[in-house]
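The following pair of complexes shares a single chain, chain A, combined with chain B in the former and chain C in the latter.
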Partner chain A sequence: MTISPALPVALPMLAAAAIAGVRRWLSRAVVDAVAILTAATNLVMCALLLTRSWDAPIVYWFGNWFPRGRMVLGVGFVIDPVGAGLATLAALLMLLALIYSSSAMESGDNHYQPLMLVFLAAMSGFVLTGDLFNLFVFFELMSTAAFALCGLKVEEPAPLQGAFNFAVTNTVGAFFTLTGLAFVYAATGALNMAQIGSLLGSRHDTLVIGGYLFLITGFLIKSAAVPFHFWLADAHAVSPTPVCVLFSGIMVELGLFAILRVTNTMFRASMGPPHTALRDVLLTVGAVSAVWGGAMCFAEHHLKRLLAFSTISHAGAMMMALAVNTPAAIAGWLVYLFAHAMAKSGLFFTAGILLHRLRTMSEPLLFARGTKLRFTAALWLLGGCALAGLPPFAISLGEELTSSATKHSDASVVLMAAFLLSGTLTAAAVFRVFMRVFCGWGDHGPADRSAEVDELPEMHEQNRVIPARMFVPALLCVLFGTVPFLLPQAVSWSGVAAARMLDQQAYIRVVYGQARSAVAQSSLAADVWSALLHSLLAVACGAALAAAAVFHKAVPRRLRWASHMEGSMVWMRSLQSGHAGDYVVWTMAGFSLLGTALFLLR
Partner chain B sequence: MNSVIHTFPYLVAGWVFLCGLYGIVTSRHLVHMVVSMAVLQTSTYILLLNIGFRQSGAAPVFADLPPSTRIVDPIVQALMLTDIVVEATVVALVLAFVVKAHENAGTLSPDDLRMMRG
Partner chain C sequence: MSQKVRLRIFWICAAGFACIYFLVAKNLPPWGHYRGPYGDVISSLSVYERHATDVVNAIDYDYRGFDTLAEEFILFTSVLGVMMLLRPPERKATPSATAEESMSPAVQLAALPCFAILILFGLYMSTHGQLTPGGGFQGGVIIASAPMLVYVAEHFRAFKRITSHPLVEGLEAAGAAGYAVIGVTAFAAGVPFLTNWVPLGVTGKVFSSGTIAAISACVGLEVATAFLLLSYTYLAEIIADAGKTK
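Presenting the complex of A and B:
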């Protein structure tokens, strides 16, 4: 049986419309069942598409508008392994999130399930499409569903602030992207990405660079690169837990995917080697994000915001893999992306369980109150180890693959240092919470403004034991995070997927229905021992930093920089002002810097 | 003279883009901020229409025109229409947030809504 490639988009849309239309007459259980069933069907369909796209990308023209000669007439989906893989991951996370929230999460008239399904449809369309304008429309649809999901709890002022800032910054980003799209259309007169790629060739003039700059600015905002990242912490802190999982696990990463897609399918010959400007710029942005996000993560005391800053840090690390942009680096990016999605989702689910049991997300208020929650504590600790990449969690495998692509070049030092700092700082923050909340060590630590923001509980039921629908998704996430390490083929599979992603000419040939390229082989292998060594170093440094912050009274007064990092980085924190206008100023500053760099280094 | 006529709409698009950004950045009222966003969006209409413009081109409706007639590009107009629809949704949604902010927090100033800082 062959599946229409349009189904992963059409099915959730139809289900969402059906639920929204008749939910008044349905019980909550039926609505949940339909939503979960839809997500599960999407998961199976996307997995089947992934296996089918392995030999050659699947090309599907809507309404059978096939290209005529070199002219593309219709809108098409072009499904390659990376796109199909990300669609599968999106469906998996959606399934876990819906199971987590089933039957208990208060949704009322908020249309939670239909919004989630529209979100899923938009994400699937976003990764499967081969048309630039289609990409933009799915980008906007994804954003709109995300804004509504973020502001689900409209009765409180904090979610309104978070959703409003999220909506304004990301919509401004969408206008940047649309302007870039207009430039690209002006340069080529085409909207199909393969056609644009073949028409642009190695053209490297002002219009092309400007178009590229405007296009990726919107995606950089979505992928929370410093200094475009301010919205993310506000949006995460106020979203319901299952929505946080989707934001951190897949939506931010789709911003990175869009940069990868745009760069490789359309601009590979015009912006890629021999021009090094793009590589240097993305490497810098990634490294700064990795360190900045890590430092802010360690300074934060609201659990969801802490995890949000860790997402900024890890997205920066993934950005560096995009900058290197060789098959090995992109294979590393894929492994890293999957492992990070699982680790971060597991941590968010665990934070959700804490919120459910203890009714707050503030670290000072939670102090020593989790000592009896052994199972939750274990999940949280494992999540921290996964963030640092301790085998068998696979983040370090991705880092190893990425840095192996830059051996013997000056970039490798930057990569290594940023990976280590990102892993150390984010793991240290998670370990610190573990020590204070679950072990009750030290004191309750410094408080900050954001940690005082109260959150109403998401669930109305109160139970003594954690219900299975809450801990099973958390446990599954932690387990899935080890798959790339334990499955020997995972690395070579990501190698094949990456090689396909980077082969612009093969992509163009497939879209025009010409000779199918032979199946790429990959002999990629990661140095497991080196990965183990690096992750052990990160875990050790993280644990030491966390201990130094928790037991700060035992540290000599002059050496108390761990507690300084935790409590007094006022100038860095003051930038996170909570005003959408300020965030847009930072967007403009980042855009100007990026543009200056791309044009000066051309 | 001709080149002035051709570059002028691009300058207008750039000007409107900057006006929208300026409005968002300096805004002290949530509704004002959303309207500034709509202004920013208008610049993309001007840009798109201008890219598809052709000197003395007819409207792209072939009901009473011979197929070889010189027309302006219909694709950018379709893009613009789609963009209007998408952005109308976004603006409606954000305005709904603003209404809720007014109802629940009793304020329309972005400064009073800042629960989370630092």
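Presenting the complex of A and C:
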């Protein structure tokens, strides 16, 4: 029996409705069990779809509406290895998050689990679909579930504020995307991505560029690119730990995926080479995000916000891979995405354990209080090394593949520098926390009032020993993060998946049921030694920076750059004002800049 | 950033946005020059293929039914989210005295026939979507407005008795799940998800167009109960706040 591609969406929806309908009468254990079982089933189904999509993409027409000639009547899923792989990753993270939160975490009278399941259904649909409007609908569904999950801890005003900023900025983003969709429909009269792609061809006029610009602005907001990133830190600071894991581990990356999907299925011939405007713009946005996020990460002392800024930095680095958009770069993007998802999820779970044990997320308040938590300390340190890409963690492998795609071009230097800065700054922040909290070195560090918020306990119970449902997900994330490095085929597999993703003509042929493309072979190989060298450099720089901040008294007064970076980036931090109106202003500014650049460079 | 500075920067950026928007919109195909054959093709096909005289519903619940399933779940999720965010702490136990006052008998008398008409009209809308403009979304909203009349003519407590019943939540979930279940039944016939596999009936009759009518009814149930839950949750919040400030 083959699994229907509709099930990864339909099953969590059904389970969510079933739980929500009778949630008053169900015990917590039953609700948790149903949710976990559903996520696990989704994981298996998506993994099976991944293996099935390997030979040729699966095309699935809902309602049995096959295209008539060149015209697509209904909605179709087009499942390629990248889409199925991301659906698998989403299900995996959801499973870990639900295990982490089971039995003891505040669930808002059993509202939390159905919302999580709808979130999962939306993410699955988002990556599997081959229809532009369907993509938008799942984008909305994903956002709706995410807004609510973000505000789960309603007893405090802060979560509602964070959820509100998140909702406002992302709804503005949805308006941009919907406007872009309307422009694209006006230009082509089609909603299926393959049909739009074949109708647009290499058309490169104002309407097409404008439609593309509006479309991706919404996705740029979702992927937290500077200056659209402000909501992300606010949302992460207030969300429960498992929700943070999903936001950072997969939701932000799905914004990047949408840009990749939209660009390659519809606009590859019209916006891609020989036009370089898009490449340059995305490269700039990515580089700025990587550095800005890294600097803000190092200047932050609330652990969840710190990790959130690191996500902005890494999403920027991943955006640069999208900008290059060659099979090698996208293969690197895939490896990077997986490794980052695992590293960041592991760190968030570990932060959740800290919150559970020590009741705060503020670095100054946590000073030297984690010295007895050996196991948590090890997880945190490994997470930091993973962010810097130290083998066997695979981020550096992704960086290496991506930069190998730009050898001998001017982009190569920008790429290397941004990767190094992103890895160094984010790892330095994590190492600094490690030294202060777990080793008790140095002093409290600079006072940071914004980090000292009252944290409500997430869990209903107190225990001396960390329960297995909390540390096992963290440990698994750290272990899974090494898979692409230890599995020798991983690089060539991602090469094949990336080559599939980028072949617009093959995609269109498959959707129209014509010749199935032969399995692409990939001879991609990463230079492991170079990756090792780069990551060692990032780890060394990060550790040095962290040590310089922690032992700032030992550094000559004139050379205290590290503590300066840590304590007084006032104007950068003042932009993060927490006012939704400000964030919308920056969104408009970013859109105007982006649009001007795309139109002037055309 | 002060409000003044914020607005000033906003207007500069908004001017940039407007320039780009009008530049792109100016290049749209001229008014009336519709590019795609999609609309024309569906208009001519839907009666023949689906026995549905209302083309909009044929697209919503059949041709692009999968989109509508997700849209329905957006509503479902929004209601779930609102109910979670405004979940009642203990303070809502004391509604104010205004929650008890009813309107004059004249208003109550006028409301009674309106109540019946609204329910009837809503049911008609939900069940005739395949034939005439309307359908589950519209019909559901109309049905949900009937208990509002109870609130207007009677008092909050009477409204609460209808809308806070646990059954409402169950019905809402059943409406949402019903759509997906109809989609899954297609597997039994060996066809893809949401395929309209049941007999299509005679064009123009109420029991025609197969799953379109069934889905429309499910959506009607979902939307009606969803709006009841929403209005109850918001009203309870407002009334609790009013009671607090007294």
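Before moving on, here are some points about what is shown:
Rule of thumb we're sticking to: the second predicted complex is superposed on the first by the 599 of 602 C-alpha atoms of A that agree within 3 Å, B and C clash if a C-alpha of one lies under 4 Å from a C-alpha of the other, contacts with A are read in each partner's own complex, and residues count from 1 in each chain.
In this text, contacts are C-beta pairs under 8 Å (C-beta built on N, C-alpha and C of every residue); 3 or more make two chains touch, one makes a residue touch a chain.
Note that this is a predicted model, so its numbers are computed, not measured.
Contact with chain C, but none with chain B, is seen for A:T188 once the two complexes are overlaid on the shared chain. Once chain A of one complex is fitted onto chain A of the other, the partner contacts of A:L601 are absent, as it touches neither chain B nor chain C. Residue contacts after overlaying the shared chain place A:E156 against chain B, while chain C stays out of touching range. Shared-chain residue A:L533: touches no atom of chain B or chain C. By the touch criterion defined above, A:L559 reaches neither chain B nor chain C. Judged by the touch definition given at the top, the superposed model places A:M588 against both chain B and chain C. In the superposition on chain A, A:T171 contacts chain B only, with no contact to chain C.
Contacts of A:L73 after superposition on the shared chain: chain C is touched, whereas chain B is not.
Legend: residue contacts after superposition of the two complexes on their common chain; A:A580 is shown touching chain B, with no touch to chain C. A count of residues in chain A touched by chain B and by chain C gives the higher number to C. Residues 133, 137, 140-141, 144, 147-148, 151, 154-155, 160, 163, 179, 185-186, 577, 579, 581-582, 584-585, 588 of chain A are contacted both by chain B in one complex and by chain C in the other.
Residues 17, 20-21, 24-27, 30, 33-34, 37, 40-41, 43-44, 47-48, 51, 75-76, 79, 82-83, 86-87, 89-90, 93-94, 97-98, 100-101, 104-105, 110-111, 113-118 of chain B touch chain A in their complex. Contacts from chain C toward chain A in the complex involve residues 1, 6, 9-10, 13-14, 16-17, 19-21, 23-24, 26-29, 34-38, 41-42, 62-67, 69-71, 73-74, 76-78, 80-87, 89, 166, 169-170, 172-174, 176-177, 180-181, 183-184, 187, 191-196. Against chain C, the residues of chain A that register as touching in their complex are 4, 6, 9-10, 13-14, 16-18, 20-24, 60-65, 68, 71, 73-75, 108-109, 111-112, 114-115, 118, 121-122, 125, 131, 133-134, 137-138, 140-141, 144-145, 147-148, 151-152, 154-155, 160, 163, 179, 183, 185-190, 205-207, 209-211, 213-214, 577, 579, 581-582, 584-585, 588-589, 591-593, 595-596, 599.
Residue ranges on chain A touching chain B, taken from their complex, read 133, 137, 140-141, 143-144, 147-148, 151, 154-158, 160-164, 167-168, 171-172, 175, 178-179, 181-182, 185-186, 191, 233-234, 237-238, 302, 305, 448-450, 453, 570, 573-574, 576-582, 584-585, 588.
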